[in-house]
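Comments concern the structure below.
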Amino acid sequence: MPVPAYTFLLLSGAVFTLGAIGFMVRRNPLVVFMCIELMLNAVNLAFATMSRYLNSLDGVVFAFLVITVAAAEVVVGIAIIVQVYRAGRQMDVDELDLMKE
Amino acid sequence: MALREIFLGPLYIARALATTFKHNTKPIVTIEYPERQKPVPPRERGRHILHRYADGLEKCVGCELCAIACPVGCIVVEAAENTPEHRVSPGERYAKRYEINLLRCIYCGMCEEACPYDAITMGPRYDLADDHPDKFIAVKEDMLEPLSASLQDTARPSGAPSAQAVPRKW
Amino acid sequence: MGELTLRPGPMPTGRAAGPTPLNALGDNVLTTTLDKVINWGRSSAIWPALFGLACCAIEMMGTVGPRHDLSRFGSELFRASPRQADLMIVSGRVSIKMAPVLRQIYDQMPEPKWVIAMGACASSAGMFNNYAIVQSVDKIVPVDIYLPGCPPRPEALIDAVVKLQRKIRGEPLVKRPA
Amino acid sequence: MVVGFAIVAAWELVTAVGVVAFRKPMYNALSLVANMLGLAVLFLMLNAQFLFAAQIIVYAGAVMVLFVFIIALMNPEADISFRPGGTEWVYGVVFGVIFAALLAALLFNRGLTGRPGAFTPEVIAAAGNVQTIGTALYTRFLFPVEVTSVLLLVAAVGAVYLAMRRIR
Amino acid sequence: MLVQRLGNRFTQALRESSDFRGDLSIVVDPSSVVEVARYLRDEEGFDYFLYATAVDWPARDPRFTVVWEVRSLANKTRIRIKTTAAMPEPHVPTMTEVWPAANWHERETWDLLGIKFDGHPDLRRLLMPQSWEGHPLRKDYVSFGEPVIFSDQKLEGLEPDAIRG
Amino acid sequence: MRSVAETRVVQEPFGPGPAQEPFGPGPAQEPFGPEHEPPTDWIELNMGPQHPSTHGVLRVRLKLDGEIVRDADADIGYLHTGFEKSFEEKTYTQGITFSDRMDYLAPPINNVGFVMSVEKLIGVEVPARAQAIRVMMMELARIASHELWLGTAGLDLGVYSGFFYAWRDRELVLDLNESYSGVRMMTSFTRVGGVAWDLPEGWIEQLQRFIDVMPGRIDDFEAMLTDNPIWHQRLQGIGALSAQEAITTGVTGPMLRASGVDYDVRKAFPYCGYEQYDFQVPLGVNGDCYDRYRVRVQEMRESLKILQQVVDTLPAGPWITSDRKVALPPRSELSKSMESVIHHFRLVSEGFKGPVGDVYAFVESPRGELGFYLVSDGTNKPYRMKVRPPSFCNLQPLKKLVQGVLLADVIAIMGSMDFILGDVDR
Amino acid sequence: MTLDVVVETLIKAVIVIGALLTGFAYLTLFERKVQARMQQRPGPNRVGPWGLLQPAADGLKLFFKSSSAPSSRDRFLYLLAPMISIMAALASFAIIPISGPGALNLFGHSIGWYVMNVNIGVLWYFAVTSVGVYGIFLAGYASNSKYSMLGALRSSAQMISYEMALGLSLVPVFILAGSVRMVDIVNAQHTWWFVLPLLPAFFLYLIAGIAETNRAPFDLPEAETELVAGYHTEYSGLRFALFFMAEYINMIIVSSVATIVFLGGWWGPFGILPGPWWFLVKVVALLYVYVWLRATLPRMRYDRLMALSWKSLFPLSLAMMMVTAVVVVAAQGTL
């Protein structure tokens, strides 16, 4: 019995929402980053679902590209976080206002 | 340097591998101890043996030189007078009590060197492990040669040991 | 936090293997057989802690060496981490500075664990009857097998290991000649 | 199939909550890893085996290891400012619920439409999943792939530069 | 001769010199021992530090003789520099600035004999635990472990059956 | 029985407390060193006292910046045995047994060094045969010690088989020791004025076989290691000491010679008749770990050369001085001469007395110059016996050598120093 | 997916796990014996005939050993880490076909010589090993000890770095075989083993594989002399055994993959032996190389190890890949 596409998309939406909540609520930059990853994952799920149900490869390929881009983003993001942490030992996004001055 | 390592490095590693592999063909050198044993040299400094003369009398006269010479102080000797009824050694006195704490002993051979009568020598035995420190206090009877074996003089003159091996007792 | 107290006599050594959960079941046939099997396993795979102190450590290494080859008894796997070791061979003199460390290593070893006091110094301080040396290691850890000699020959250490195996299996240590 | 999906979906939700709610960053990261592994299983159910492998190798095996590394190295204390009963929660949950509602409304109102393509599971299986995607990547999607690779290069250089220590 | 040169140069500081069994040693006043050492290193080429120690003579006053011995690798000669230190707080100048290799040797001397080396960069106990009391190599330090156990004081009175085997 | 020790030990806490480090005596309360106030992201790693690569019970506290070592503090004394105090309580002859246990990789050399100081104090002539026997035992000990060094230093860097090959070859030396003196390691073979025993029958032949077989064994080692690129990577350029630094920091033995300083006691101040033998002193150039390895391997070959020469020129004659004041009379005289018996009793019970004075005698141990500074007050025991241990001097520059290297190099450097904790701590 | 397929897969999984565990046990004995012989000593020979019961004794002992753990550990992760390790190790064997080419006919079913024949093939192996990193890393992290942490950091960095080289060194094989499925790759080697045309790739794979499994001369994470025992310093008893098991099973898997990909899997010359035996012989030969290297070579230094991966193996495998691609395309005449 195949699972309808709706359920996949609902799951994707729920995970995306959770990621968004985390993004808004959390202050640790690393955790914020993880929440972004969570949202990206949810999107990937939607891509793959649509790809499957529309018998197309576009979704899969795009999910693949998203994974790649996410990897790049994480690398740079973490490098920035490490630098900021080294500079001020600050682990709270609300307090990070280096750019202001 | 770098080039040498890149080009010759694998060769040298191969040579190292060949060296270890070569040892596969060499004989096994292990002496499988509890069953087989490397022959103990005549001078082996193992557990002490108190000797007797051929007529069964003990060589020790209780002079305590061994106890004095011992760097550890692990020998205690108490001498007593020989009497005609109870003759233990040919001299005037004999060792009534002769104890060695084998756990303290460092098997240096100083006692053997100090003894003027070759009464104590270091024996060939070394498998002495046990589970309580009290079991290592060797009293005279533990170390004395058994009477039956005393017919031949087994003492090796310390200082200039002979090549003849001390008979094995275990 | 414990404190190091030097005991006047040797520490009491209980049953070598220590309490196993199986012992609680009582001695019916099955558990005694199982006990035997477990003790066989334990005695055949004694992994010593990689822990050398002084002169005896050299002979301990010699025991692992090809001439004597402790590996025949399955005991060549010297574990650097005390948490993976079963046997502590106290190979050499234990200074008073070292004593707490030794005890800590012993505490880190998991039960069941055994100790061989190798050599005169570890078993009784040997010739070092002075201020710096713990007078026999059995004041800080319980010792299962004492091994005299300064240092004991590798054969003697193998003999001690064999006797420890017998002790673990619950056999008499010294087999008397018939 | 349905049972499997239900299990994995529950797993996804639980671990996603874990990502948001754990206080120790290490546990957040590990929840995310678990979430990604679950997602990979979902990909498998969607007949996207290549995506499954890529998801695990790249995401779980590399990206998240990086996260875990950084967390272990910097060892930031648990989020002190993050309290279960803080006002952020109210805002966050309210926004989240609204957002989710909007998504659901969109989904149910519009329905799923689209023109089915040629790549049915049978077609993919005949040529091999990896081969099909490979062909697609290097023919139809060549330009995005190239752009992404340039992006990766730039990111690598940038990250190395950023994280580089000033040699003392 | 080296001793003569030393005597001419340090008339006040050089107290005595001896040549026992071919070992040259000089006794120097503690206040100028570093000066002498520096002269020996720079002018006489004594570049290689051998050891530092002290000898405890409880009956004497000053009680301690502190000894440094150095060698000239080029000339193949040795010289032993001695000085004295008195109770209750024996102290002498450090040689570490002249011969850096003296560092641990002097720490050891402080540890075992309780001689303070003034100006030493890192005078901590070296061999004994940091919390140790007393200085073991002093003659009045009782160094006694335990007596050897014999059969009259056995621990639990077990029969010594192991050795009979 | 309350010992002195009993009252003193209680201060240092230990036990399975909250300490994070598994192998140290609890949290570090001691000051690290004199000068440093390190940056906060340095971690302190406690190596030892129980650590596989410290060759015993050395404890090194390292300040690590990532994997780079920024500072190190060697904490020694975990094997402090009180030798110097013990010497004061024993007669000169009994002291020989103590000298064995100091540097337990080369006991014969310690024996010789110890009796040389006593001989220098009381002025005894040693017969030529005794000198030759001493030289043979010392060179055998040197080979055995370097073999063991090769094995363990190799094992530190992961050469598993090397350790076993080294032990296989070392056993040959121990066999020679055993058939000469009756024990494998702690020979205690010297006596003041000579050696305790003459060579047993067949010993020279056994030694000759050893001399014949050994070069091939060393070749095997060299085939495994000398050109091995991984071995190069691990050792070359690591822990380098220039000649000037080596002299200033007071290192000795192979470490000094690896830096290119041509100083070997056997050549510079010949003793025991070393001047008769023809041998080279191998020197290094860079003073790094690799040069130390090369120097030691080469020294083994030179020792074999010396051994061959001793075997060829072994003089006959007595093996101990005939001076009845210091040496025991032969056993055969005991039954004949009353005078001998009296000498025997006096020597065993009292020993001999030395003149008042102080002497320094030194020998070349495998680790460098081993010196004995002996102060005598005229009694039959040393008044003060200070040992100048080569390992102690070689270990001293550890702090300087490891600064700025990687953690893995610390192992290589400590391995290349070849320190023996019994020698360092005494 | 019908029920009988599920049951069949389960049965095969149980068999494979059992075989792997036995293989692990005897691999330890094999290693000890082979190494001992190279060192002119007999090795374990007391426990059972020729020491054959030694692994059983070891296992029994470890099983009944109480555990001792640091009090400051992270309890949950401390328990989780060895499980991740061993699960990852066991799971990767699922795709290895040990014989072929036809299926085994048993009870009317045709049963493949593998647990599963996934169409992503070798990618499965990479995916699973990359999860295995977590086991090691979490072990170090949860132990809360500096030695463990250093070992874990080294180990995971090493595994991640060498995974690149490992993966890329296999790409030439995919190009030649035209598939990533294990079975297809082996069948493509019916006439020529890939080790002949792709010898450099084979060596690259072997080096990377040894590094990936943290074995000598790349055994830095558990370099005894530096880090005591690396990431499993604080593990004891059965949990330590799990890490041990994972390491040895990974060795078996790396050897199996090499056998399949380069050495022609179950194909042997002259057809003297049935397929599984050929497979076994090749795997054991590769394991012998493992032990041999461990017995001989010094350990590399950590920074050199990373440099070797990124500066030598990685570019070399890229080059190998390109060369193969060009040659293949040229041979097909489409260039």
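Read from first to last, the chains carry the letters A, B, C, D, E, F and G; within each, the first residue is number 1.
By our rule, a residue touches a chain if its C-beta (ideal position, glycine included) is under 8 Å from a C-beta of that chain, and two chains touch if they have at least 3 such contacts.
All figures in this text were calculated on a predicted structure; none of them were measured in a lab.
K.L.:
What is the set of chains touching both chain D and chain E?
P.N.:
Where chain D and chain E might share a partner, there is none at all.
K.L.:
Which of the chain pairs holds the record for C-beta pairs in contact?
P.N.:
A-D
K.L.:
At what distance in angstrom does the C-alpha mean of chain F lie from that of chain D?
P.N.:
About 62 Å separates the centre of chain D from that of chain F.
K.L.:
What is the distance in Å between the mean C-alpha positions of chain A and chain C?
P.N.:
56
K.L.:
Taking each chain's centre as the mean position of its Cα atoms, how many Å separate chain C from chain D?
P.N.:
Centre separation, chain C to chain D: 53 Å.
K.L.:
Hey, how far is the Cα centre of chain B from the one of chain C, in Å?
P.N.:
Computed value for the inter-centroid distance: 24 Å.
K.L.:
Spell out, as numbers or ranges, the residues of chain E touching 2 or more other chains.
P.N.:
Residues 127-129, 136, 141-146, 148-149, 155-156, 161-162, 165 of chain E touch two or more partner chains.
K.L.:
Among the residues of chain A, which ones contact at least 2 other chains?
P.N.:
Answer for chain A, listing residues that touch two or more other chains: there are none.
K.L.:
Mark out which residues of chain F touch at least two other chains, giving numbers and ranges.
P.N.:
Residues 1, 3-5, 8, 12, 16-17, 22-23, 51-52, 77, 80, 82, 85-86, 89, 97-98, 161, 164-165, 168, 171, 186, 224-225, 228, 230, 425 of chain F touch two or more partner chains.
K.L.:
On the basis of the stated criterion, which chains touch which? Give every pair.
P.N.:
Here the touching pairs of chains are A-D, B-C, B-E, B-F, B-G, C-E, C-F, C-G, D-G, E-F, F-G.
K.L.:
For the complex, which residues does chain E have touching chain C?
P.N.:
Listed in rising order, the residues of chain E that touch chain C are 127-129, 136, 141-146, 148-149, 155-156, 161-162, 165.
K.L.:
Which of the residues in chain E come into contact with chain B in the complex?
P.N.:
Spelled out, the residues of chain E in touch with chain B are 148-151, 154-165.
K.L.:
In their complex, what parts of chain F are in touch with chain B?
P.N.:
Against chain B, chain F makes touches at 90, 93-95, 97-98, 161, 165, 168, 171, 178-183, 186, 188, 196-198, 200-202, 220, 223-225, 227-230, 232, 328, 330-331, 334, 341, 344-345, 348-349.
K.L.:
Within the complex, which stretch of chain C touches chain B?
P.N.:
Checking each residue of chain C against chain B gives 10, 13, 66-69, 72, 116, 120, 123-127, 129, 136, 138, 144-150, 152-156, 158-160, 162-163, 167, 173-174, 177.
K.L.:
Residues of chain G touching chain B in their complex?
P.N.:
Touch list, chain G to chain B: 37-42, 292-293, 295-297.
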